[in-house]
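The first chain written gets the first letter, and so on, giving A, B and C; residue counts start at 1 in each chain.
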Amino acid sequence: MAGYEPKTARARIATTAARGVVAERLSQQPRMDVIRNTIFGSVLLLAVAIALAGLALLIGDALIDGWSRLNLDLITNGPSAFPEKAGLRAALIGTLWIIGLVILIIVPVGVGAAIFLEEYASRESRLARIVELNVQNLAAVPSIIYGLLGLAFIARSPLNLGFVVLAASITLALLVLPIVILVSREALRAVPPSIREGSLALGATQWQTIRKQVLPAAIPGIATGVILAVSRAIGETAPLIPLGAATFVTFDPSGPFSGFTALPLQIFDWVKQPQDEFRTLAAAGVIVMLLVLIAMNSFAIWLRNRYEQRW
Amino acid sequence: MKPPMTQDEQPQSRASDSADSDSAARRHPSISVRPEFQRTAPDAPTREKVFELQDISVFYTGVPAVQEVSMDVHKNEVTALIGPSGCGKSTLIRCLNRMNDLIPGAEVKGRLLYHREDLYGPKVDPVQVRKLIGMVFQKPNPFPKSIYDNVAFGPKILGMDGDMDEIVEHALRRAALWDEAKDRLDSNAFGMSGGQQQRLCIARCIAVGPDVILMDEPCSALDPISTGRIEDLMMELKQEFSIVIVTHNMQQAARVSDRTAFLMVELDADEQGRWGRIVEYDQTEKIFTNPSDPRTEDYVSGKVG
Amino acid sequence: MATAKPRLEATSPRYGERVIYWLLAACAALSVVTTTAIVIALIVPSIEFFGEVPIFDFLTGTDWGPTFTPATFGVLPIVVGTLSVTFWALVFAIPIGLGSAIYLSEYASRRVRRIIKPILEILAGIPTVALGFFALVFVTPLIQDVWPGFLGPEPGIFSVAAAGLAIGLMIVPIIASVSEDAMSAVPAGLREGAYALGATKAKVATKVVFPAALSGIVASIILAVSRALGETLIVLIAAGNTPNLTFSPVESVQAMTAFIATTATGDIGTGTITYKTVFAVALVLFVMTLLMNLLSMRLVRRYREVYE
């Protein structure tokens, strides 16, 4: 900083002060700030750690509590009032039936709605916007209310199905439909417009273009969406409660019109029991459910990585 | 604003072709004229008209993009549309196969005749139109399928009779891609180079058996060697099809086309709106060596645009 | 040689295309049908309910005993029960969720973020019955063990605190991921300007990024509140099932969702007063979550608009 030398005393003081301030600004950050920064960073890390710890504790506790009951009996035994004899068989069969029908419903309806919104409806049209608004709101309705909807209109009039597997499937399908629609729309949107243009320019109709070019390219994304929706449906208990599922089912569900129980319902039933043995059973049930979900989500990730279209 | 000149209004050029080629090269050294290509001689009997555009204007939700274009496209010729960017060349060419229908709010005014039939008539089905008038796009857009399936897609969808293998081979041969593709027909089209993909798109277009091929800047995404190959291809294809090409590369237009239309951007009074208008449309030779309109002269000599 | 006249008309009427259009439209319209069905299902019994129970008494009464004789219909205890659990859930989830969001957005390297984000998403996918089990079996004893004496009596088997903690854990991913989204949307230029002036990461995060992403952050919290209000299983298992008008974390309460789940079992008769009560409570819940949701959607749109 050579060059300028102050002549008067006043100038000397001013220059020294000015140089000092500049030096401070340009050099290290003030001590206090550095300390605050470190503390802040640690606090944040602590927050993340607590979240992760919560997850770890949940899984760990279930493992520890339920370990002793993790054997084949758990899956092959049916429901029973005696903990030693109780198992998940009826619940697993019930979940399989219910989820099977859910898939049959959500794939055509969800993908169909997504195709309509993405390929046919103009962005600005009132129908499209009303549908979009509805889908978004439905995604946030508490799941117990879907159960009440099922009770009011599906189990009873006008559909009058009674408390059967099909009623549960329709109720759950309505619950997870927004997920399928949302993810399918994204999958369709990811297909570049140039593909559609190329097909249409050859003289294909819009539906031919969708069926033969756009849909096949979007299938990996759509499949991921369906698996996400199914994962959600498998874990939902609340919507099934008003559908008469709290009643104790002792048989294996046998078809769309039979009474039902499901995996989360059985676990809930065991959680409600005071005996310690049932607590172990419940923990084991939680582990089984988590394993099923891990398997599904891993499959979804594998599917996406294997078949994802890179444009 | 000078009115655009059509071919009928112009004094016919009497000089022979070769002399003009030499003087062309001298006046505009950047233009290479390839004498081996057959151009339509200026005094040859005018070929049958494929398209007749009469005062065609295109509006996108009320905003004009192209105003009052009148020109004719002739059979078995290459017709080029040139001009600076924004002058509506792509908009114009997309009218010819009704691809503008896909854009919400697009409106086409004027009369567009295809073999004397109104292309925008009330009973006309755009899907039928596109079977007869095919299009190749600026960025090659093959389907994410095998080479074979790409070419076979059109014929299958349209329910064409005949042996599919033969149809595919014929189309690939016409597109000068058979030798490179014949051993890998089942491999994914995305594995090919840009130039090969574009030739695949041409093969795909040809397989449907169109009458006209529209090309919207087909070489702008390609390297010079691929570009040259496709230009050679155009020369062969025009014997069977009529070709309309949009290009921002005027040397390309000079190389391959028989007739060239030059469009220019026009601003409205307060410089808010802009649209394209045709300035001059004539034999390519004339446009590049002796244009009638000074704006054309400025553009092709590189002074503007 | 002139070309033959081209055939430009459609070769077939293509009815199939029309049919397909309407089929697909029907699929899309189902969502509207579902919303309408839910609204009707809730409103019709509620109107009948308010025909028998004055709405003012319902909304302001503090005695909730609809299944007893004589039945009382003051809904406040279960509303407060829901709000209380939600409140304590937020007390846990906001610092943890926001802390994680800021960490992931401003501090974490790309590799760390790629590992931690999916793990947090796993938390979002845990079935609520498992979380309820966790609350009852692990969290409750934990709270009882660490409960400092000076705060008064420790919580019993069922408590707002245990349920609140579990629900808090459940909504952390919502707050974390939506807030992190909002923070990533803040343009790099704003950060870089502050860094260039010598600010520390902490200062940039708190004084630049946080305020800039505020509407998205608030949206995430509102979204989380909406989710917490509607949560059934966790409160059913861990918070107890007796209506109790209190905000204290150590007491057991009944939430609205717990009341609905307990009362709306299979043998409830359509048209009975109990049936109507259930739907009236459900209507209150529905309106609360709907309002929260609309508010949060409006906020999310706002922060997206500002930067895009």
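Following the convention adopted for this analysis, a contact is a pair of C-beta atoms (placed from the backbone, for glycine too) under 8 Å apart; a residue touches a chain by one contact, two chains touch by 3 or more.
Every value quoted in this text rests on a predicted model; they were computed, and no experiment measured them.
**Student:** Does A-C or A-B have more contacting C-beta pairs?
**Tutor:** A-C
**Student:** Based on mean C-alpha positions, I'd like to know which chain lies farthest from chain A.
**Tutor:** Comparing chain centres, B lies farthest from chain A.
**Student:** Give me the ID of the chain with the smallest distance between its Cα centroid and the all-protein Cα centroid.
**Tutor:** Chain nearest the overall C-alpha centroid, as shown: A.
**Student:** Averaging over Cα atoms per chain, report the distance between chain B and chain C in Å.
**Tutor:** From the centre of chain B to the centre of chain C is 57 Å.
**Student:** Averaging only over C-alpha atoms, locate the centres of chain A and chain C and give their separation in whole Å.
**Tutor:** Once rounded, the distance between the two centres reads 13 Å.
**Student:** Between chain A and chain B, tell me the centre distance in angstrom, where each centre is the average of that chain's C-alpha atoms.
**Tutor:** Centres of chain A and chain B (C-alpha means) sit 50 Å apart.
**Student:** Provide the list of chain A residues touching at least two other chains, using ranges where the numbers run on.
**Tutor:** 205
**Student:** If I count partner chains per residue in chain C, which residues reach a count of at least 2?
**Tutor:** Where chain C is concerned, no single residue meets two or more other chains.
**Student:** List, in ascending order, every residue of chain B touching at least 2 other chains.
**Tutor:** 127-128
**Student:** Using the touch definition from the top, list the residues of chain A that touch chain C in their complex.
**Tutor:** 25, 29, 33-34, 36-37, 39-41, 43-48, 50-52, 54-55, 57-58, 61-62, 65, 108-110, 112-113, 115-117, 120-121, 127, 130-131, 134-138, 140-149, 151-153, 156, 163, 174, 177-178, 181, 205-207, 231-232, 234-238, 241-247, 264, 267-268, 271-272, 279, 282-283, 286, 289-290, 293, 297
**Student:** Touching chain B in the complex: which residues of chain C?
**Tutor:** Residues in contact with chain B: 1-3, 5-11.
**Student:** Taking the complex as given, what residues does chain A use to touch chain B?
**Tutor:** 122, 124, 192, 194-195, 197-205, 208, 212-213, 217, 309
**Student:** Touching chain A in the complex: which residues of chain C?
**Tutor:** These residues of chain C touch chain A: 14, 16-17, 20-21, 23-32, 34-35, 37-38, 41-42, 95-100, 102-104, 107, 116, 119-120, 122-123, 125-134, 136-138, 169, 172, 176, 198-203, 205-206, 223, 226-227, 229-233, 237, 257, 260-261, 264-268, 270, 278-279, 282, 285-286, 289-290, 292-294, 297.
**Student:** Using the touch rule from the top, collect the residues of chain B that touch chain C in their complex.
**Tutor:** For chain B paired with chain C, touching residues are 48, 75, 114-117, 119, 121, 123-125, 127-129, 132, 211.
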